[in-house]
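Chains here go by letter, A, B, C and D, matching the order in which they are written, and residues are numbered from 1 within each.
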Amino acid sequence: MHFASDNTAPVAPEIMAALAAANQGYATSYGDDQIMDRVRDQIRALFEAPNAAVYLVATGTAANALSLACHINPWQAVFCHRLSHAEVDECGAPEFFTNGAKLVVLDGENAKINPDNLRAALASIDATDPHVIQRGILTITQLTERGTAYSLNEIHALTTIARDDNMPSHLDGARFANALVHLGCTPAEMTWKSGIDVVSFGGTKNGLMGVEAVIMFNPDQAWEFELRRKRAGHLLSKHRFLSAQMGAYLTDNLWLDLAKRANDAAARLETALLSLPDTTLEFPRQGNMIFARFPRTAHRFAKAAGAEYDLYFGQSMQGPDHELLGARMVTSWSTSQRDIDGFVAILRG
Amino acid sequence: MHFASDNTAPVAPEIMAALAAANQGYATSYGDDQIMDRVRDQIRALFEAPNAAVYLVATGTAANALSLACHINPWQAVFCHRLSHAEVDECGAPEFFTNGAKLVVLDGENAKINPDNLRAALASIDATDPHVIQRGILTITQLTERGTAYSLNEIHALTTIARDDNMPSHLDGARFANALVHLGCTPAEMTWKSGIDVVSFGGTKNGLMGVEAVIMFNPDQAWEFELRRKRAGHLLSKHRFLSAQMGAYLTDNLWLDLAKRANDAAARLETALLSLPDTTLEFPRQGNMIFARFPRTAHRFAKAAGAEYDLYFGQSMQGPDHELLGARMVTSWSTSQRDIDGFVAILRG
Amino acid sequence: MHFASDNTAPVAPEIMAALAAANQGYATSYGDDQIMDRVRDQIRALFEAPNAAVYLVATGTAANALSLACHINPWQAVFCHRLSHAEVDECGAPEFFTNGAKLVVLDGENAKINPDNLRAALASIDATDPHVIQRGILTITQLTERGTAYSLNEIHALTTIARDDNMPSHLDGARFANALVHLGCTPAEMTWKSGIDVVSFGGTKNGLMGVEAVIMFNPDQAWEFELRRKRAGHLLSKHRFLSAQMGAYLTDNLWLDLAKRANDAAARLETALLSLPDTTLEFPRQGNMIFARFPRTAHRFAKAAGAEYDLYFGQSMQGPDHELLGARMVTSWSTSQRDIDGFVAILRG
Amino acid sequence: MHFASDNTAPVAPEIMAALAAANQGYATSYGDDQIMDRVRDQIRALFEAPNAAVYLVATGTAANALSLACHINPWQAVFCHRLSHAEVDECGAPEFFTNGAKLVVLDGENAKINPDNLRAALASIDATDPHVIQRGILTITQLTERGTAYSLNEIHALTTIARDDNMPSHLDGARFANALVHLGCTPAEMTWKSGIDVVSFGGTKNGLMGVEAVIMFNPDQAWEFELRRKRAGHLLSKHRFLSAQMGAYLTDNLWLDLAKRANDAAARLETALLSLPDTTLEFPRQGNMIFARFPRTAHRFAKAAGAEYDLYFGQSMQGPDHELLGARMVTSWSTSQRDIDGFVAILRG
């Protein structure tokens, strides 16, 4: 009953096999390996972006922070949702990598930035006034931190507002594949065709050991990225093992298959949860994350049985039995039907 | 004939097996995995340092820069050798992580800091003058960038000078194992017993896929390290795969065996090279790195045959046949006798 | 009719005289002048703080940013009001000087932080979680950016919350004197007796040419301040001219007299404004700032006559005559009755 | 007998008068004062640079650090002399303002960078290698820290080397006027006509209270400068008082007159010193700084009589009588003949 995070899941067997295969003989280090040449081509083809700059790093925080830093100056703003990973969960990595840019937090339902809020925030900035932080970059998360997905129209609306103020747009795709599978669109449609300029294309939460790609559709910042990556200690010497993971991930649609498994598991879990008394979803499920509320009694049963998932911030197991508490449950490619069934049976009491 | 770097070598099979073993089921993410608990104990025991703080990151640049940043302020100096990795090969990572500290470069034969130079540099700083950069930390590299090893006495002499000025000392141990095998001492002797406060304990160049440990014998900066690591994007979510590598590395003396193989290969290569006409070593070989000079003709043969190694900075294949050019050759745990024999045969012409 | 800012006012004649007097002969540079020795004593006596560290800089932004930087780490938060100068008007100086700390903005009526909001913000931070920005420092502004003053009780309530979480408290006193005159308390009461640890004690807006003192009641960060000040280019070589201004400012209660004049002028302006039809105050006037709303017609008269004051953000002179627009009017020690009378006569039409 | 520094001298009376004159009535704050409009025109005319961007700050460290930061990225190098103010006397301000750039120190006689050393340093950088700090900017000091002046040819030689590698060149002109008077050239000749792109045009050491101009001949970085200046707390609110100083400084050749007085005083001091037994100059005197060696006995006489000047680093008043010790003596516009005569009489014993 492992629903704490897709980060706790194992690595897909195809990826382990690719690592083993990449371990034959010698390879040029620091990103000049031949596997990377193929990965670059794979990603450019997949995203229909023949000129894109493509780099690999080992963590999502690095992918996000490097992407942002390559596109703004320290006196500029990063516009993000109040709940975004960059704002909440990276211990200030964007501020560190950008040398002190300001994150301007925006609200919006379902963890999605409301376009009116972005418009208002931008309008409040006087681009001729040296006393104020200047416009910088928009970043959105897909899936959001509450498991919802921006529609293509929603992405386009936000990036258009950004572009109208000459700002680029970044997409934090830690759960890119889960969102894509939900939307049923192409990678190009969910990114540059919707106005996205730079993507953190996540793999770690979807079955890799630890690889995220940064894809910049406009390669002007490519060299800056390489310098910032090295300077931040994020250029791996035995880079072939990042390349190998990403190469296998993109081969034979493995990445989509893994995401489908995770999303399907979440759908089944959702159905099962909604069959329980007093249980409701807090956000529409659109990928592999479920935010549900159910009575404290059920939580007690679950925790006693060793089920792994997160209570919401500030909630406590202490209190009246029937009070409803929110739970975040995340499925992964490896979530078993047995885990789902077992979990729901326990919640049922 | 792969002598470009120990970074180009494959991962040891025991490590690959450990990764596979670690991939069973679910594990808590972000460093709270059970394997890490064992690794911490292994390292504390190995270093005879029961209170040491122990962390893993994926690159040596991160290990070094985080170690330095945890011990100094931005207005302080890092005293390092002119040839040190921190000064030369990290694109300013120490400056980035420390928020702008100054690297004060010191000279010394065989890429080792001359104690007199350290003493003079420290003496030139007025600790009551706010106009000048203040004393910060000493960092030495073991093996050095020219393949030499500080003796225990040499380490102790430098750290004593640092300590007399209330400075901590860092050891960049990207090739820690190779140096240790050469010296035939214990990890404790090469570190805290010689006055070292914090170590980058390298594994990547010695058969791991990508793991370096940071060991702080005084754990006061432990929490700061955790925050800086996360903020720098160096806390891996699926951390168990770092832990598993390090765990296997330290099991059954694998780390020493791998280093011995590398050093032994270098010794055989050295002997063979010195049997060639007009060939001399530039630095004493004390680990797995050889710096030798031989005629351009021999280089031409070698390069034509596909041998991989680095010419020294600024040297060119263009020029008179008999001019002597310097070569850097690095062996690894996987260097084969066939590679050595083939290489020397080709050099012979 | 100069109500744009107290920054636009001239320097008080006593200050000009002090500058002339200080210009006799030679003086040790970089803060070691004899006048500074007296100023330090004056401030310590005035604040009843014999051990306080006292420094002078030329701008309020420097005073604030250096104060904050000396008390937090880059991974910590500065808790401030959404309207605070540090958040809104310093182009990210706090982020720059702190090497990327995060400003956590809090709401509260009358531009004063609501204690519940501070408490909630602090409670939301898990001090054992390296993924999140940690608690750092509280900063409040007195007078606030809307011209209101925290009562002593209000200051104490906020600093107590901060202290309960081991956080120091900073007071941005760009208009310290105006607030003090309003409250009728002592400098000690408005600062350390109310729990404030470090103060930006402003002089520039109250008749100086350009001097702000930083007063740290706990001198532990004194040396760090000196290094950060120099490193930021804020240690003036001919420092005696900062000292001389501050010395004269604190002599014979000049600083209080100047503030009284400004506050009194504001009180008279307030009375006159409230005698106009359709005119209301937006915030209680508690110092030398008035925020009033009156019809666009009156604004048109005023602007046509050359009156200087700021419309609120985003408001426009285009629009219906009778729509009420907000104006910020600031008086200073040099505001004349003629300016007030003339202004109100024009508004009257 | 005040030869410690031109920083210890008083402000010229014309400047004090200009401050008084500027103190009439109200003025727009934060650099938008009318005096600044005139100053900008004055400087553009003086430098024959009608498009130059011109800004004022209160310290030389700020002028230098902001100038450098506007022209390089954090992963780039500042090439400077080993003795330069930026390297030695600013507590790491360049590193702070540039967010961690590296100062590459170069040697050269008479505190002037040797062109061969610059060429070699640039040649050692591989502009395609992300592991190494990249080329950034050249900065030279005029007068140098040892009182010498680069000839126009020398400046041109260095800036040409820089330009050949696409690097801009900065001139730290803390003693710009003293050098110019020595060379007898125009400001344009000493700057952009010799390949300089950005200048710190000092005034403080030459009779101002505290003003340095930054002049960028290519105004592309003008807006960046304004933002960085504010962000660093270096935009003064009552900016008219910076403007007024600079305006008077440039009126009726005051700045040249003041420098001539200082240089002439130094020349007379030099002549007098060289008439003493056992006294030699260490560097050619080319402005208002003298570096001389004379016996410890004479130093003892001088110090006993209260003469103010600096011994060289590390030298001590303890020791044999006849040992020669180096002294740095700086004259200013206000150095009196009586001071010179008195000083030399005392040295004579």
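As a convention for this text, a residue touches a chain if its C-beta (ideal position, glycine included) is under 8 Å from a C-beta of that chain, and two chains touch if they have at least 3 such contacts.
No experiment lies behind these values; they were computed from the predicted model shown.
Novice: Look at the interfaces A-C and C-D and say which one is made up of more C-beta pairs in contact.
Specialist: Between the chain pairs A-C and C-D, C-D carries more contacts.
Novice: From the C-alpha centres, identify the chain that is farthest from chain D.
Specialist: A
Novice: What is the distance in Å between the mean C-alpha positions of chain C and chain D?
Specialist: Going by mean C-alpha positions, chain C sits 34 Å from chain D.
Novice: Using the average of all C-alpha atoms in each chain as its centre, how far is it in Å between chain A and chain D?
Specialist: 51
Novice: Measuring from the mean C-alpha position of chain A to the mean C-alpha position of chain C, what distance in angstrom results?
Specialist: 42
Novice: Among the residues of chain B, which ones contact at least 2 other chains?
Specialist: 30, 74-75, 90-92, 96, 99-100, 130-131, 227, 230-231, 235
Novice: So in the complex, which bits of chain B are touching chain A?
Specialist: Checking each residue of chain B against chain A gives 2, 4-5, 7-11, 16, 19-20, 23-30, 57-63, 65-66, 90-93, 96-97, 204-205, 209-210, 227, 230-238, 241, 308.
Novice: Using the touch definition up top, name the residues of chain A that touch chain D in the complex.
Specialist: Touch residues, chain A against chain D: 30, 73-75, 99-100, 130-131, 134, 223-224, 226-231, 235.
Novice: Considering the complex alone, what residue numbers of chain B touch chain D?
Specialist: It is residues 74-75, 88-92, 95-96, 98-103, 123-124, 130-133, 313-314 of chain B that touch chain D.
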